[in-house]
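Quick one: the structure is below, questions incoming.
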Amino acid sequence: MRSLLKMNTALALALSVTAGAATADGHGGVEVLHWWTSGGEAAALNVLKDDLEGQGIGWTDMPVAGGGGEQAMTVLRARVTAGNAPTAVQGLGFDIIDWADQGALANLNDVAAAEGWDDVIPAALQRFAKVNGQWVSAPVNVHSTNWVWANKAVLDANGIAVPETWEDFVAALGTLSAAGVTPIAHGGQAWQEATVFDAVAMSVLGPDGYKAAFIDLDSETLGSDGMKEAFDRMGVIRANVDDNFSGRDWNLATAMVINGEAGFQMMGDWAKGEFLNAGKVPGEDFLCFRFPGTSAQVTFNADQFMMFDQGGAVSAEQAALATAILSPSFQSAFNVVKGSVPARTDVSDEAFDDCGKKGMADLSAAASSGNLFGSMAHGHANPASVKNAIYDVVTAHFNGEYDSETAVQELVDAVEIAQ
Amino acid sequence: MSVATQDTAIRTGRVTRTLIYLVLVLFALFYMLPLYVMVVNSVKPLEEITGGGMMNLPVVFTLEPWAKAWSSAQIGVEPTGLSPYFWNSIKMVVPAVAISTVLGALNGYVLTKWRFKYDTIVFGLILFACFIPFQIVLIPMAKMLGLMGLAGTTWGLVLVHVVYGVGFTTLYFRNYYAVFPTELIRAAQIDGAGFFQIFWRILLPSSGPIAVVSIIWQFTNIWNDFLFGASFAGAGSQPMTVALNNLVQASHGVKEYNVHFAGAILAALPTLLVYIVAGRYFVRGLMAGSVKG
Amino acid sequence: MALSADTDFKTRLQTWLPKLVLSPSLALVLVFVYGFILFSVYLSFTDSRLLPSFGWVGWENYSKLWRLSHWETSLTNMGIFAALYIGICTALGLSLAIFLDQKIRGEGFIRTIYLYPMALSFIVTGTAWKWFLDPGIGLENVMQSWGWTSFEFDWIKNRDFAIYTVVLAAVWQTSGFVMAMFLAGLRGIDNEILKAAQMDGASNWNLYRRIIIPQLRPAFLSAFVILSHLAIKTFDLVIALTGGGPGRATELPATFMYSYTFSRNQMGIGAASATIMLMTIAAIMIPYLYAELREKK
Amino acid sequence: MGFLDIDNTTKSYGAVEVLHKVDISVQEGEFLVLVGPSGCGKSTLLNMIAGLEEITSGEIRIKDAVMNGVHPSKRNIAMVFQSYALYPNMTVGQNITFGLEMHGTPKPERDKAMKDVASLLQIEQLLDRKPGALSGGQRQRVAMGRALVRNPDVFLFDEPLSNLDAKLRVDMRTEIKKLHQKLGTTIVYVTHDQIEAMTLSTRIAVMNGGYVQQLGTPQEIYDAPANIFVATFMGSPAMNVLPAKVEIENGRPTAQVILHDGSTVSLPFSQDNMKDWAGKEILLGIRPETITDEDAADRKSSNIAHMTNRIVVTEPAGSDTFVTMTLGGKDVIARMRSDANVQAGADFTFAVNMEKAVAFDPKTEARIAP
């Protein structure tokens, strides 16, 4: 009996290998297009792969990194145009809605109903996973982007407490500057500047203003005095960044905080991985807190896997993949590695560190109080065309091309052209 | 050296010669600089790099990054290193270079030795194709590949590279064959050689130098291509550049610069090798064909 | 008599073979180049965003395009970049070729060093260049650590100068190749002419200026074709080196086109910019090709 | 009908006709030379015979078979090119047998043919070399060998000697002539060198401007040129052509020619039909060798005229001395024996062999007598 079981397993294994070989055309397995190629992420994804292969489903890997998924989206377009769409594709925010509008995605409602997704996934996130009443993708995680990371030793040495308000923050910057420490570590790339701007705008405009400006694209709000104030504050931040920021990768900026060369960095929760890798402990060596003035709000972006329509129905493999992605165990295991928090709110925070626990708590609090918003900087507030138009203005202002007044006008104009 | 060792009639004084050597060596250093940075940093442990001093020689010498880049770095979900992708590239580059070179040679042969009405217009059309920006062809090309059933295959990539390389190979061979004596073709015709026999027996054996130019050019361009490789390759056919990009561009996570540099050099080795081995014939080939009127 | 009736099949085949052999290439080019160009021009008049769609919108994409300030930036950058890149590569390539043509010891070795950058893509060398140009860890830092504390080289971080660093890296990549082309041209010049000119009392300077360089015309033309083609296609370099930054200061038409078509889901505007690019290329290249090909007839 | 017939053949490039109705019939074993200045159409005609250029209208026949549209390799011809057109990548032996190989001749036969040809041309020792390692003369021989080995109906030569130096050219000329006498094949030979044409041919076609100006044996061409072009093109130094007026003196037609001092000398014609031109201007053609001193005058001639004229320049050339004088307002050259007592600036009495004189119509430039 036992040996028979063994034989079965061996047979299944052999079958799955042949199936894996045949998955190039998408039958008998899943082909997954994604841009998670760095060590930790890829290893975490490998958990998912092993899970599926345990169920006899082959995994054909199609990694394309570059530009935070931009390159993968180009490839996706080529694949869909060729009539050769992958079964599952990593996707972000409005890209998912765009693809759903093209009618290219499969309907996961049956899986969602069976697994009870409607109840455990925050409504703000559902907006990007359930389009026109249809579940089309499986969310993996939620990153929140309005974090500030700080070197605790530097702050302590200069007698700085965690700033609660913008004024506190400005004072802290002044102290660091006087002490010869670069106050803010920043990487001069459009998306990083937009990430900072996101938080700043949220703190100035408040949740309603943020929604009006970036989600509803209300031109009055975009051209308001509050927006000018936000740009002015960006100017203050620019003044507290070292001269060598331009083009710097975000992880190098994080390294400046880790090494004590700089006090703060405004960055999403993926920065935590850098601290952990350097052997730093949250709460002891480094601090994580929400950008001053946004402690109740969470701006997020979420990685999901869109399921592409494979000739009408959802394939069994896709259903299995979606189920596996949203299983609490994978949600926990993956997000511990990635630095983000689970997309479903009912996952235990046991495995997470202090910052992770705080992130999970913040998320469910914000979700229930209506303070959870898609991040403009990460394509969860408006379509790619508008997002990039805002990038253009923000980055031009940050690099001194526009003053705040001009920036506000340009912003209104650029958003209009992009729509 | 290897090229036409004819006597240059120019005479230069000793001071001038010293200056010339100085300039040449300075520029050699300039050209070597990025490679130096890459090599030096590929044999350092990561801490040494993040500690600064990119020009410094390694304190601790290690080949670990090379081994990792080749066989165990994370490219996708599995830590395969670059090695499988290396073979994907070879499988794509060899046929693409061969086909585009042969087509270019045949086209050059027809356009110079079998002139017909409007042949210059045909050549102009083929040549102008060199200037099309690749960004605009992605979507329609994807559609065509899909229609032909070549999407996501190595042969699809081969087709793409042949299409956009044939303009250059035709240009090279046409210029080369233009100065090839037409009387030889006529003699062969009288001897009874047919179209392909003339090409195969008379022209091709004399085409070594220009074939080197064409092969170097095509090999370099196709091996280094990223855009087409990323867009049109399937899971089993992604070329080396795409894998290298996955290694280097990994968005969120620790950047292992030493591994990146080692991978970058590994990815560049075949083209470097082609330049070093065939480089001496390269100038000769250019001399024989492409710079003549 | 006997022959004319079946002026035989084989002979007729021989007369058709050349065209037959040429036709696959021509067909490929007509479909995959000219067909795609027409498709792209057509798209520029439609409301395509994520994927091609065929709602006709007339000139709307073009009017939007010209309202975008960084389209103008990218055109200006293209002008600066192309002029400097082609100019410097030609001048440097020619100078190095002349120097290398003086019976230099180790010529083959030096030549390989000058040529190798052409073998590498910027996906490979981009990071090295980025480091090298970065004032924090690159040249500036090294010079300062060697004691030259007032040394400054922060072009890549400077909005007004960043485009010149793109030129620098591009020149690094191709000037060796241009050098090889000129070297080949120099080796092809008849030595007797040089000897005659020397007997006429021409100095080395005059020899080059009046006798040799004018004879390199074909090499100049080939270099021009290759360089302008590379200038137009410059894409990887910008992405790897500056990502179009600081701000949008180093955006070029190729990156603009890519970003609108693929990152921003505004395919119509991307196609409009591509159309303008193609027309510009055609305006430069067609007269040139026409003159070249006519002359050779 | 001949062995090789060129029948009313024309050639046009687009609207431009470059060969006008050429009509030549070549007999078996003939050595026809097409001669003329560059651009006269001689090479085009040769290429049409070879099948390398299409025939616009008319016919070319070899052994009565129409060749229009027949592939070069099926015409059973062989051609020797100006540049020899040896395949640089093949050895001499391979060059010679390439044609046989292409026609499917088995290897043993090819080798035998190659040996025969090689011994005929004395190039046995070169068979394994590449053309690049040969001298000009050797290449020439190999090129001929390549043609000979095919044993063709017609040999075509396209200026085969023009790339050789003067000495070698003369040697090879003799060699070709010997070969022709030995093998007796039909040859069509293109050259711009009138001496080659004269020495080699059994018949010459003088071409200019796309027309065959004259077709005839070397002697006919030389003695009775059809027009002034042929007269001046063939022969070195060229025939003197000078204006003269025809007058009847003592019942005989004479040419009245103005000497250097303005006085007139009367040179009687041998041909009676010149009477028709009495009182009219003509152009008189006199070959340099028919103007000599009295002692060297042709004994067999029945019509030696005399004139005294001033010598302008003398040019001793070893075997001969060339003397230039002014006659009829033109520079006229006389060919004297080297021992003739001539001095520049002196007056001298010349003997003119009027039997060989030719007259041309000044308007049409065509010959009117003899």
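Lettered A, B, C and D in written order, each chain numbered from 1.
In the analysis below, a contact is a pair of C-beta atoms (placed from the backbone, for glycine too) under 8 Å apart; a residue touches a chain by one contact, two chains touch by 3 or more.
Bear in mind that the values here come from a model prediction, so they are computed numbers and not experimental data.
The minimum number of touch steps linking chain B to chain C comes to 1. Chain pair with the most C-beta contact pairs: B-C.
Separating the CA-averaged centres of chain B and chain D is a span of 57 Å. If you average the Cα atoms of chain A and of chain D, the two centres end up 92 Å apart. In this assembly, the C-alpha centroid of chain A lies 38 Å from the C-alpha centroid of chain B.
For chain B, residues that reach two or more other chains under the stated contact definition are 138-139, 141, 194, 245, 248.
Those residues of chain C in touch with two or more other chains are numbered 14, 51-52, 262. Counting partners per residue, chain D has 71, 74 as the residues that reach two or more other chains.
Listing the residues of chain B that touch chain C in their complex gives 1-4, 6-12, 17, 20-21, 23-24, 27-28, 30-35, 37-38, 52-55, 103, 106-107, 109-111, 114, 116, 120, 122-141, 144, 162-164, 166-167, 170, 178, 194-196, 220, 224-227, 241, 244-245, 248, 257, 260-261, 264-265, 267-268, 271-272, 274-276, 279-280, 282-284, 286-287, 290-293.
Interface residues of chain B, counted against chain A in their complex, comprise 50, 74-79, 138-139, 141-143, 145-146, 151-152, 230-232, 234-236, 238, 242, 245-256. For chain C in complex with chain B, the touching residues are 14, 17-19, 21-22, 24-26, 28-37, 39-40, 51-52, 96, 99-104, 107-108, 110-121, 123-125, 127-129, 131-132, 137-138, 141-142, 145, 172, 176, 180-185, 187-188, 191, 194-195, 198, 204, 207, 217-219, 221-222, 225, 228-229, 232-233, 235-236, 253-254, 257-258, 261-262, 267, 270-271, 274, 277-278, 281-282, 285-286, 289-290, 293-297.
Looking at the complex, you find that chain A touches chain B at residues 23-24, 31-32, 35-43, 45-46, 48-49, 59-69, 71, 74-75, 77-79, 81-84, 249, 251, 255, 270, 273-274, 277, 338-339. Those residues of chain A that touch chain C in the shared complex are 67, 70, 73-74, 77, 80-81, 98-99, 102, 188-190, 243-248, 383-385, 387-389, 392, 395-396, 398-401, 410, 413, 417-418.
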